[in-house]
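Input: structures, listed below.
Look for subunit A in each of the two complexes below; its partner is subunit B in the first and subunit C in the second.
And then the complex of A and B:
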């Protein structure tokens, strides 16, 4: 275990941005911290890196509080979407800075990443596009080789090709240099294949903390003739319901057991796993009492 | 020491353009004054040192604006950032004081050869002081101003705009209190008795210690926005 969060709460005014969150992070795993905008993901990561102070609860990373702890902080690289840079600094200055503060910095790998993202080393940060600035953050995060590397929506402004490149590079580097990554994102389906463990946060609360494979099997879709689907879903919770002519597809938030499979086969219906994004959307949907449309 | 070195370097990169622009403008003004003196009544007086003081005070206030969120965002300790900033300010104060002292000493030599009367860097209140005292005075003044600027910045980062308003109100209250109680006169008398050099040194040291301690304490609780 490399990090332990217990009963963590952060209040801004009367708003509970993080509300009694507890979880642990294991070594050498890729975590997905998922949730809607404003769910409390960034605040949670800022608390874990001592950029914010908790209202209550504790954070331990590498066995100690990260606050003013050089031993702990030098093992964490937190790259957030809104990371501020010194505008007059060139890309090479940012890399030079990183090489001095991250003890495992890989200079050669950083150069390779610059080439991969086509970043001009001599250009000033203030002259970079949004996508290029994000790419600099990605270079810093990957080349830091920090034992705990946290990316908070690091792809802002990056096109689909560059995002794909980032995911490929992350996976390759993770396999060659295993360490712990936390990816905070709302592009869930894009990162789905990378994730080994899922943390879902909604309105400040941790609502899911589970192995990614287990989460992937938590919902399924059933499709076929509408009347047969109606018979199959009777008495079950439906997350999404679509009709096209006489055909119907329903999404059911449960793991299909043997009985369900047999019944579907009898009715000539097709069962399929549901994309993770859809499941997370369902989990973070407001309840009917809150004005949501939960079926 | 690597993180501190990295942050001092970032301060230098951040401040370099402003530093270069300021000195280019100041030196251009200096050269221009040699032409202007022909149209004036035969002499030009300009207070170079206060202009440099004000520039460095401003630099110290804005030097934190970009470097602090950058450094803290990339996981640096607040203590290390404070140390790096103090080192940067001390270096800037020392280098500026050297420049000021050298230019002030060169000025009479230039005037002697041109036959013009331009008082730009040689500051009358410091006339006749030994070179080390002149440097020390500039260094002390700039260091105190930069420490004050850093303190103002730290108040802003810790408490936002309301913090600055509160600081302004506290400053006005302190001045009024000193006036009403007559403490300012007593303080002036005490400094007179100590002598110009000792009195100034004591005031500077006290202000440096106060501003540095306060900015350190404020920075310890700063969060990244």
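And then the complex of A and C:
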């Protein structure tokens, strides 16, 4: 275990941005911190990296409180969504500065990453496009080789190809130098396959803390002729139901077992896992019953 | 070029099935070494824990076995086991579904047998 958060709460003017959150981070795992915009992801990470004081609760990283703790903070690299850089600094200055901050900084790897993202070393930060600025953050995050590296939506302005490059580089470097990553994102399906463990935060609360492979199997969809789907789903909970003419697709919040598969085959129905993105949407939405009670 | 796995099954199950396919075709003979978890992870671009879960599925079924400190190997008799398992899946996935559809279309057993023979001869149905 490298980090432990207990009963963590942060209120801003009466609003609970983070609300009684507890979890641990294990060494050498890739975590996905998922949730909608405004769910409290960024505040949570600011609390873990000593950039905010909690209203209540405790944070322990590498065995100690991170506040004013140089030993702990040097082991954490936090790349923010809109990371601010000294505007007149050149890319090479940013890397030079980072090499002083992070004990495990890899100079040669940083150069490789600059090439991969086609970043001109002599260019000033203020002259960079939004996407290039984000790429600098990614270079710093990866080359830091920090035992705890946190990326908070680090891809603003990056196109799909560059984001794909980021994910590939991250996985490659993780395999060669295993360490803990936290990827905070709302682009869930893009990062899904990289994740080992998933934390979902909704309205400040942690609503899911589980292994990614078990989350992936938590629901399935069944489609086919409406009458046959009806006999398949009878007695089961349905979280989504769609009809198109005589066809019907229903989402069932269960892991399909052997019996369900056999039954579906007999009925000639198609079973599919539900994409992670959709699963999280179901989890972070009021259930139909709950929604019905509201005015 | 991108070996994406976007099938209808969990990723770790697909990893297990690809290994089984390689055992069936003989690409992975019995007693040969299976690629490492990291090799699977980087090839399929997935978390190595997911790849490990797929491999372990086959270890639990006795299709692969672990040599300590060396890696994973194809167990003796693995091909036979995979074949048996796949035949059962084939029955469930194709035969049952086919019979269901045949019943709907009023196709008799004799007709069905004829159709299968015809299909084997490569003729158009």
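Going forward, the second predicted complex is superposed on the first by the 285 of 295 C-alpha atoms of A that agree within 3 Å, B and C clash if a C-alpha of one lies under 4 Å from a C-alpha of the other, contacts with A are read in each partner's own complex, and residues count from 1 in each chain.
As a convention for this text, a contact is a pair of C-beta atoms (placed from the backbone, for glycine too) under 8 Å apart; a residue touches a chain by one contact, two chains touch by 3 or more.
What you see is a predicted model; the values in this text were computed from it and never measured.
With the two structures aligned on subunit A, subunit B fits next to subunit C without clashing.
Using the contact criterion defined above for the overlaid structures, shared-chain residue A:71 touches neither subunit B nor subunit C, since it reaches no partner. Residue contacts after overlaying the shared chain place A:107 against neither subunit B nor subunit C.
Of the two partner chains placed by the overlay, neither subunit B nor subunit C lies in contact with A:130.
Contacts of A:168 after superposition on the shared chain: subunit C is touched, whereas subunit B is not. Touch criterion not met for A:243: it reaches neither subunit B nor subunit C. Of the two partner chains, subunit C is the only one touched by A:271; subunit B is not. In the superposition on chain A, A:80 contacts subunit B only, with no contact to subunit C.
Shortest separation of subunit B and subunit C in the overlay equals 27 Å (C-alpha atoms, whole Å). Residues 46, 49, 51-53, 68-70, 73-74, 76-78, 80, 83-89, 93, 96-98, 100-101, 140 of subunit A touch subunit B in their complex.
Only residues 29-30, 167-168, 171-172, 175, 193-196, 211-213, 216-217, 261-262, 265-268, 270-273 of subunit A touch subunit C when the two sit together in their complex. Listed in rising order, the residues of subunit C touching subunit A in the complex are 8-12, 38, 41-42, 44-50, 53, 92-93, 96-97, 100-101.
Those residues of subunit B that touch subunit A in the shared complex are 2-3, 5-7, 9-10, 13-14, 16-17, 66-67, 69-70, 72-80, 220-221, 223-224.
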